[in-house]
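The two complexes that follow have subunit A in common; it is paired with subunit B in the first and with subunit C in the second.
The block that comes next holds the complex of A and B.
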């Protein structure tokens, strides 16, 4: 399965997904409460050292950080234009820290581990009627069907190409939706027929 | 949550993901192509209704957060939700719910106009209602500045609402899902 995470194992890969999510949440909250530039600078330095400490390939890190970096530069530039260099530094440091840590998490955590962490994380929602096992199954089903639906789109586009309609959004989307719904009905029947306990 | 709710939500999340891997698509009568994935909110809400549509977007965003590169341009990961534009991504979840809720209200007399209102209010209005304050808060800019900066994307989004409305009305005839 295609995913962003790196296959090569580093010490960051061995940290449980849940622990990484907790650290990210805590740091995220911390940087938004702190406005001392020295402390924020410390956070940035730590966030930069983290991927280096695990020898994560710089190319992969940069590739993932770039879209957010452009946005952060735009926000920082905006504050500079408004003649607020302090605010520019503060906001860029905050966003930079959080985004960099998030990218490190994504690069070093497999999707299957994240799905497990989500399943675990929704556990307390049991009291409001959320069943973690069903959440896990729904996510796994969605992941399994991405390639199926991608192939289906290709098939429909080929068929519409023969009619000269491959560029028309309706000619592709309508049959795609109908066939997805039919597939969903069959799948739901198949799951129910196997006695899946829906509670 | 019934088995049907789970399966519809999962398959529409997968559909939204697969649409992101598709190149831009042309809208008949329009000179600029649009990105098919951004139709996902309106398709999910407009076809599945409020509950299942909202669930579908929730599942899709959970997969993005889990680290699948599903957003246009192969982006993904939990960082998407933490940056200045995170509110727009999160807004897709209540957005799809509201599209579906309005489509359900209009169902017995659904036409292109009422479907457009549903897609516009849910798929554009609700998304910006979350996205703009989030942008203002995270980037520390004024609410007005954040709103003005976001206006550039409104015309494109309204075109998507038109496409979403046409699809919702056509799907009511082809494969009605609501009240089934």
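The block that comes next holds the complex of A and C.
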């Protein structure tokens, strides 16, 4: 399951998407500028308290955080073995803070609001040729199609397993590529048919 | 009024539609034909998704090539696989997508989304992730997302192919109840009995253009015959 935004309204849902994105960007930058473990610990504590303060369902938060937690453990473990415990703690705290905040953002913000905020944010970049509408559409499509692609991979893996090809990576990658390209073609047609105009 | 004037469509050496001329003024028109007979190309020409190699396609006098943007406002298009046409993750966001492209005020977008959700009994799904919907619900979402734009014509490209019988009936009823002109490409012949006109495609040409009572038996015979047999 890949939940995008929880239907129940909390105080975090009422914070404008743009403000949440700015906070995420600022905190993301700050944690990489700070190397004091006490301050980093404060960031982690704040990131943990945030979903708790809004009574977000822990199950949904944990489900989204778990894959990232494995990555944090791997990166932290690597630094623990290769460097020193302090560096491992710093890296884990930085990644943990940013990932938790990103999870809170996705759980409490509608994609359309996030897209509107990003389109507004990148608006000034029009002067260097960036098209905000295209950026927004790309973002929404990426979020929409992550679960679709997971379903597609599962479907292809099952089909190949039935043919005795479960260990063959190419047997999954090739049909995935073909179906993804076909899907992209259909999607481009569907977007045009619904009056999309990036200009 | 839909008008095809001597329309040919070629992909390289392959002629998919061959000098097609017809006018459509009926409200319910079905298009049937074997795979590769040219019916999907015919459908895509209606919305200006593709331009003819030769000839012109006009919708209410507008050329699908020269006035493509205006034509797309007039002609909605529902594709076979809803998964390939849902753009936004949430149901209500996806329905609103086309309306935002029309640059409508937010209040009107909200009102139209509410109305279409109520019309198809989908209010309870408005905050649902699109990928968590059943096949039938996804197809109804795809149809709602097109109808909310209030097109004058709606083209359906095999809208029931991926559905179970209950959902096929649901989609067929939704199409039957439409106030718009509907051009439906379908292999589900049992839903076409009440249509006003059926076009049978074969090898890039219309080989039968008649009421369902005559065109559907013709098509069944055509499909029962071995290639090369006279029907």
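Note that the second predicted complex is superposed on the first by the 124 of 199 C-alpha atoms of A that agree within 3 Å, B and C clash if a C-alpha of one lies under 4 Å from a C-alpha of the other, contacts with A are read in each partner's own complex, and residues count from 1 in each chain.
Definition applied: a contact is a pair of C-beta atoms (placed from the backbone, for glycine too) under 8 Å apart; a residue touches a chain by one contact, two chains touch by 3 or more.
Keep in mind that this is a model prediction, so the values were computed, not measured.
Student: Which partner does A:153 contact after superposing on A: first (subunit B), second (subunit C), both, neither?
Tutor: First partner only.
Student: With both complexes superposed on chain A, which partner does A:193 reach: first (subunit B), second (subunit C), both or neither?
Tutor: second
Student: Touch test for A:168: subunit B only (first), subunit C only (second), both, or neither?
Tutor: first
Student: According to the contact criterion defined above, which of subunit B and subunit C contacts more residues of subunit A?
Tutor: B
Student: Give one of first, second, both or neither to describe whether A:53 is in contact with subunit B, with subunit C, with both, or with none.
Tutor: neither
Student: Please write out, lowest number first, the residues of subunit A touched by both subunit B and subunit C across the two complexes.
Tutor: 2-5, 110-111, 137, 141, 143-144, 148, 183, 187, 191-192, 196
Student: Taking the touch rule as given, give the residues of subunit A at its contact with subunit C in the complex, in rising order.
Tutor: Answer in residue numbers: 1-5, 7, 110-112, 137, 140-141, 143-144, 147-148, 151, 183, 186-187, 189-197.
Student: If you look only at subunit B, which of its residues touch subunit A in the complex?
Tutor: 1-4, 6-15, 17-19, 21-22, 25-28, 33-34, 36, 39, 43, 47, 55, 59-60, 62-63, 65-70, 73, 75-79, 82-85, 138-141, 145, 163, 166-167, 170-171, 174-175, 177
Student: Please give the residue numbers of subunit A that touch subunit B in the complex, ascending.
Tutor: 2-5, 21, 24, 28, 64, 67-68, 71-72, 75, 78-79, 87, 90-91, 95, 98-99, 102-103, 105-107, 109-111, 114-115, 118, 130-131, 134, 137-139, 141-146, 148-150, 152-153, 167-170, 172-174, 176-178, 180-184, 187-188, 191-192, 196, 198
Student: Spell out the residues on subunit C that touch subunit A in their complex, using ranges where they run on.
Tutor: Against subunit A, subunit C makes touches at 44, 47, 49, 69, 72-73, 76-77, 79, 81, 83-90, 93, 96-98, 101-102, 127, 129-132, 145-146, 149.
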